């Protein structure tokens, strides 16, 4: 069993890239792998607490909490990206950590596989 | 002198579309026009209070406050889009209103010109 | 007392960004805009799908089953239910080889009576011409 | 004790999205990654600009004057100052007809000694081949 | 209709632009659209420049990306945000952003 | 190198894909990339399908957009998220998202 690091970058809320990344994490963990999850740029918004569930947006908080509960899932948001968007530490969803970008590189260092979702 | 309604939609923070829209508003107001400003989708983030200024991001709060002070600038954020992103009313930057999408259409109704910045 | 026409022109693919979804929700918001307007004033929306945007109009989108989000299909049907004018560009439909029965042409299953129209781009251009404002998504 | 190589491959245009900016800031973060690693372990970043991404490497970007944001030029110079390997795809530079003196080839003005390299795509492919992980922006 | 089109990107702009019909069509290059004013691909100028005789590019967006206003295709006029306001209010009935 | 490429969009994918060299190149269509598995433009199948004999498309992303798994180009194999995990861990040394 291995470790997968997934980085999601400037992906939009309202696109399905974040949903993709969360579903892939779930599938990997069910197969016994560990997953590290990094969000940067606009994807940082996934870590914001208090997102209201609407039918036009996938609500990922519940799924993320299930993933944290497995003990095989770590998720970290880019601290500067969050602050630039007006998110403070206390605005962060339970379970998430905030670090600088070197956390992501360190996670990649020890990962068997990296899926970096960049671009828009 | 006329009224310009600018709508900014799913534009990214970290792109310069929001900066473009704010600079265009400023130029229009200096020429004696009125500007209505609507943000929806991810552009809603412009209305979030407490954004920290970094050199990698344009800090637009000060400029927006100057525009509000002219009395010829109104800015409104899509309420549902904000809530979906975890922004409550109290998270909104001074001067901004929150309304449902019909506000934008009503603003367009009475506008001489509309610049709708859609897409990514 | 005036009615102003706005053309909502969708050229973006669905799901990758919110653009086409926001086009539909904003067009539908024309149903409640009167609260902000003078008596007798109104907004008439026209929805037109062009280029890659016509792929929003494919039937059988399972977004609710797969990702738990409303499909663009549902939004287009809601628009038809509310009698919005929905135009799909003929040249683009033909370019992609899409048959009419693969497209969302009506909202009969939810009680709608208005049908979508497959029309030449020149017709969409005429709608843009006669619109007061143009909103490209 | 190991060094792992990561290739940061930039194919996006600057300013429209954050992609190329985030590529540079994350590559530069390799300078501080050691705090998370065992003694002797390290990350070696390689930055490669391909396709439209080579347009990030044009000189004289005035983003600070015009919009008050750090330019990609500044980030690329910072990378060179920190001795990161910066590769610019030769075929793409030629396709766009860009001369070498229009490109950010060094960071001498801020005291950098390392130069950028214009190399064939096959060289960039070799770097990808020998990298442990690939990050496309 | 007098239509002003703000072209905001470098790729995938042709499909829409080629089909728009207007009595007067203005093309205003902004954001990454300004690459059309300068960048030649395989020695060829951008086909966008053939779509209209009314071509503009936002000076600040040129400068941001490393281009001087004097160093773009001669058919394209560099404009300021002030000029853009006047184009929107005085020259075109409707404007779109693509 | 065995390289798995997740193709996530419908436009502008050729330039990168055409140049990648790998001993084994897998193309995995996800997000709006799944249109390549079904949509023909001007009667022609997507050139992406010629780039590799190892073609996959994510079933949930097909279904989201209105396509049945049985109704795509016969060279493309529909896969689940579970299958994708196995491709990433077992079939390819490195994966990229373009």
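Here the chain labels run A, B, C, D, E and F in written order, and each chain numbers its own residues starting at 1.
Keep this in mind: contacts are C-beta pairs under 8 Å (C-beta built on N, C-alpha and C of every residue); 3 or more make two chains touch, one makes a residue touch a chain.
Only a predicted model underlies this, so the values are computations on that prediction, with no experimental measurement involved.
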Exercise. What shortest step count links chain C and chain E in the network of chain contacts?
Worked result: 1
Exercise. Among the other chains, which touch chain A and chain C together?
Worked result: B, F
Exercise. Comparing centres built from CA atoms, which chain ends up most distant from chain F?
Worked result: B
Exercise. Could the interface between the copies chain A and chain B be described as same, meaning over half of its residue numbers are common to both, or is it different?
Worked result: same
Seminar exercise, completed: dist(centroid_CA(chain E), centroid_CA(chain F)) in Å evaluates to 35
Seminar exercise, completed: Between chain B and chain C, the Cα-mean centres are separated in Å by 25
For this session: Return the distance between the CA-based centres of chain A and chain B, expressed in whole Å.
Result: 28
Seminar exercise, completed: Expected list for chain F, residues touching two or more other chains, is 8, 11, 31, 60-61, 64, 94-98
For this session: Name the residues of chain C that each touch 2 or more other chains.
Result: 15-18, 25, 67, 133-136
For this session: Find every residue in chain A that makes contact with two or more other chains and list them.
Result: 10, 12, 14-16, 41-42, 56-57, 114, 116, 118-120
Exercise. Between which chains is there touch?
Worked result: A-B, A-C, A-D, A-F, B-C, B-D, B-E, C-E, C-F, D-E, D-F, E-F
Seminar exercise, completed: In their shared complex, chain A is touched by residues of chain C numbered 15-18, 21, 25, 64, 67-70
Problem set entry | List of chain B residues in touch with chain C within their complex | 7, 9-10, 40-42, 100-106, 108-109, 111, 114, 116, 118-120
Exercise. Any idea which chain B residues touch chain E in the complex?
Worked result: 2, 4, 15-17, 20, 23-24, 26-28, 30-31, 33, 112-119
Exercise. Once bound in the complex, which stretches of chain F touch chain A?
Worked result: 6, 8, 30-31, 60-61, 64, 80-82, 84-86, 88-89, 94-98
For this session: Mind listing the chain D positions that touch chain A in their complex?
Result: 4, 6, 12, 17-19, 22-23, 25-26, 29-30, 32-33, 35-37, 41, 43, 132-137
